[in-house]
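Could you have a look at this structure, given as structure tokens, before my questions?
Think of it as A, B, C and D in the order they're written, each chain with its own count starting at 1.
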């Protein structure tokens, strides 16, 4: 590559980080050309768990593709459910009852918190601290229990349906959710004292791994990566969907663009999600959870449709092309981590290996979603 | 048979020291896992024996029965030499440690010097292990380990020189004897000798963490970056010996801190001095070391060097000068 | 929202009429079909306006003997989705790359090449990204049989 | 210079407070479940693999062999067959096999079932080293439950 040719130092070596490496969280491989511990060139190698979901979509009915969406990003599966049902509802013109919308928002935001908690733990694990991971899992376990009681599964949810949700929530769920939020509010200061204020962590994250807003734009990075660069872009506000316009929440942004900024964005997002859930629980109306007019067999009109949601990792988009039959003609899944990872090569150039791993951790990668 | 004859005494100590080092390695792993478990609100080992107490034994058997895989293209001599090179100096250092006034293998006058001489060898074990494995991760880890050890030996030795200036001796047993008669005679609280003694202790403790490659300075085996660092390619007992050497080093580091600052086998209130006080203090320090590992994230190599050169060395040097001044000026004011 | 100047600039490149679409029904605001040679020019216009590239994908229109490449652009501060389409023939599916303007397109174009066999001219590396490294098939083509 | 000392001081304080937290947590009760010795009860809606539902009156499966579940299943893991007995109007279930290796527990089959003849079981101890253990004959399972 050009980087090598232009460098004076010929003594570089290639380090294969992955596909089985503790820091890559799955089967991502990064081919690093290193000069000592400095990274000259980093090239992510993808596709180890590529499953061709898009081709599967072309061979199934619209409804049959639902379980696949939960298997893209195993940490915030409900957001991906949501993105897909939004796209199909838009294409087929299905209206969703208000109660179902509120239930969707509550469960998606719970899922977002659980996703951010896993990221938080795994990120500190990347940096060498083990204990916060298990504290975060302790909290996440409650979310999984809550969601399990509603959806029946713990990780790869398949809860939303075109025109509503699979089944109604029980009153226990609301009380359990509010109790959990109370608990997490009390635990957040602990997390900050244990981790955020820790001098070692500050030294490792502050001014490390710059991803400026312009780089985000060039690579199409969204979500906390973009918000950590100071751009307050959030699909929930930019293209309001579901009942988000009726809820009051802030979009945390930090202008620094370093690892610390992305870290703080996600921790603040946990707090904002808690606010959203509280409001949604208070406003939850009575009524059906499934549109009565929702057709059993979906046949959207010819044309192409797009729907985006704010998943935990950024903007998840679904582009549907319908030819008016019961199966999609083309189904494109735009996953946020894919774009977020694509900037890694440029952003990590010249960094030390541990800092590059901090940068990779702060991008919050989920490999099945990248490989699809 | 005369039980006090020198060869028998030495033999007894030899067996005792090796047993102490091996048992410590085994049960510190157990302690580490238990502490980690409870810190993380788990139980830790519990299946084998009561409270999982037999777990280290079973682990040991497992390690010994495992095949020692020797990868291709390694340096066959260095690869095999490295683990003993890490373990033997650590075990040798126990020779001069005074567990109590009488329970010391060799009460030599240069005990402190000898321990530091041996402590410098174990860097070689890390370097050769990393280099001999012919593995990129291991080489990076070895390079890190060496620069880290070299950087931290300086503040550590400066602090030790400060201590030697106060104690006037390198004999460890003598240093402990000087701290008799209650907690305020311990060097950590002997503020008449140097008001910054507490800082000296912290510098020494931090350095011994770094010297023993313990978290948060475990850059040499940073598992989320370098898989397993310099012992990536070692399996079975090769890995087991590295492990034992590491834990023996921790015990040595904490023993030295106990002896130099916390009064060794002396009792905090001047009564019943003996080996039990030494062990209590030692294990409190070791517990702190373990708790530190399960609390903090890892530093980076430049963070580590920054800490050494910008914080620890200036403070240690200041301490040295202050102590020298106190020794010379104090008697002039109060003759 | 999308400025009038931008709309007219893009409409100048369009092969047929540029459409202002109903966002609620379709999910994007502006839909332009351009000639394959004009995708770079369109990207340049959008780049100057501060748009970012969300995704590039293809659609295989087997019946028409054509393949469509779809570029999804979006703006982060003044939200407005612009869809740029270009149709190439199935026999010679070639069009220029936009990766010089948007480096993020590198991977999206590689993926589209993987799945459809569409060649992006002047792209530095079109080796398979998600498919196995020796893959010579294009699974999202409608005539693909495994 | 004062920043230098302030940083050392605040850094040391942060380290000490972190150690205080972990030390306090060490004495808090354990939150894990010691799995083989203790198990959790699955909630009402837990989605284990599917199972057939008995008709409380006749004791026979409620299934009417309509095949809706088989058609709804995205991964084709259900095989249903029925015999038409002489003199009976309805088919009688003769075979209901679930290939659990490809099942994604989406619940499409349970939703599509008009008579409510299938439901989720609450079984989760399904580890095995043999692939054949996951081809579950649900009809036989129902009969064994009797």
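The rule is short, and it goes like this: a residue touches a chain if its C-beta (ideal position, glycine included) is under 8 Å from a C-beta of that chain, and two chains touch if they have at least 3 such contacts.
Source: prediction; values computed, not measured.
With contact taken as defined at the outset, chain C and chain D are each touched by A.
Path length between chain B and chain C in the chain contact graph, taken as the least number of steps between touching chains: 2. Just to note, of A-C and B-D, the chains joined by more C-beta pairs in contact are A-C.
Chain centres here are C-alpha means, and the one lying farthest from chain D is B.
Mean C-alpha position of chain A lies 24 Å from that of chain D.
The centroid of the Cα atoms in chain B and the matching centroid in chain D are 50 Å apart. Measuring from the averaged C-alpha position of chain A to that of chain B gives a distance of 44 Å.
The multi-chain contact residues of chain D, meaning those touching 2 or more other chains, are 15, 18, 21-22, 25, 31.
Among the residues of chain C, none is found touching two or more other chains. The multi-chain contact residues of chain A, meaning those touching 2 or more other chains, are 131, 135, 138, 194-195, 198, 200. In summary, the structure contains touching chain pairs A-B, A-C, A-D, B-D. On the chain B side of its complex with chain A, the touching residues are 36, 39-42, 136-137, 140, 143-144, 215-216, 218, 222-225, 227, 294-303. For chain A in complex with chain C, the residues that touch the partner chain are 46-47, 50, 52, 54-55, 58, 87, 90, 93, 216-222, 226, 231-233, 238-239, 303-308, 315, 317, 319, 321, 329-330, 332, 334, 338-339, 342-343, 346, 371-372. Residue ranges of chain B in contact with chain D, taken from their complex: 35, 38-43, 46, 291-292, 294-296, 311.
The touching residues of chain C, when paired with chain A in their complex, are 23-28, 50-55, 57, 59-60, 70, 72, 74, 76-77, 79, 81, 83, 102-104, 106-107, 115, 128-132, 139-140.
Within the complex formed with chain B, the chain A residues making contact are 13, 15, 21-23, 36-37, 124-131, 134-135, 138, 194-195, 198, 200-201, 203-204, 352-355, 357.
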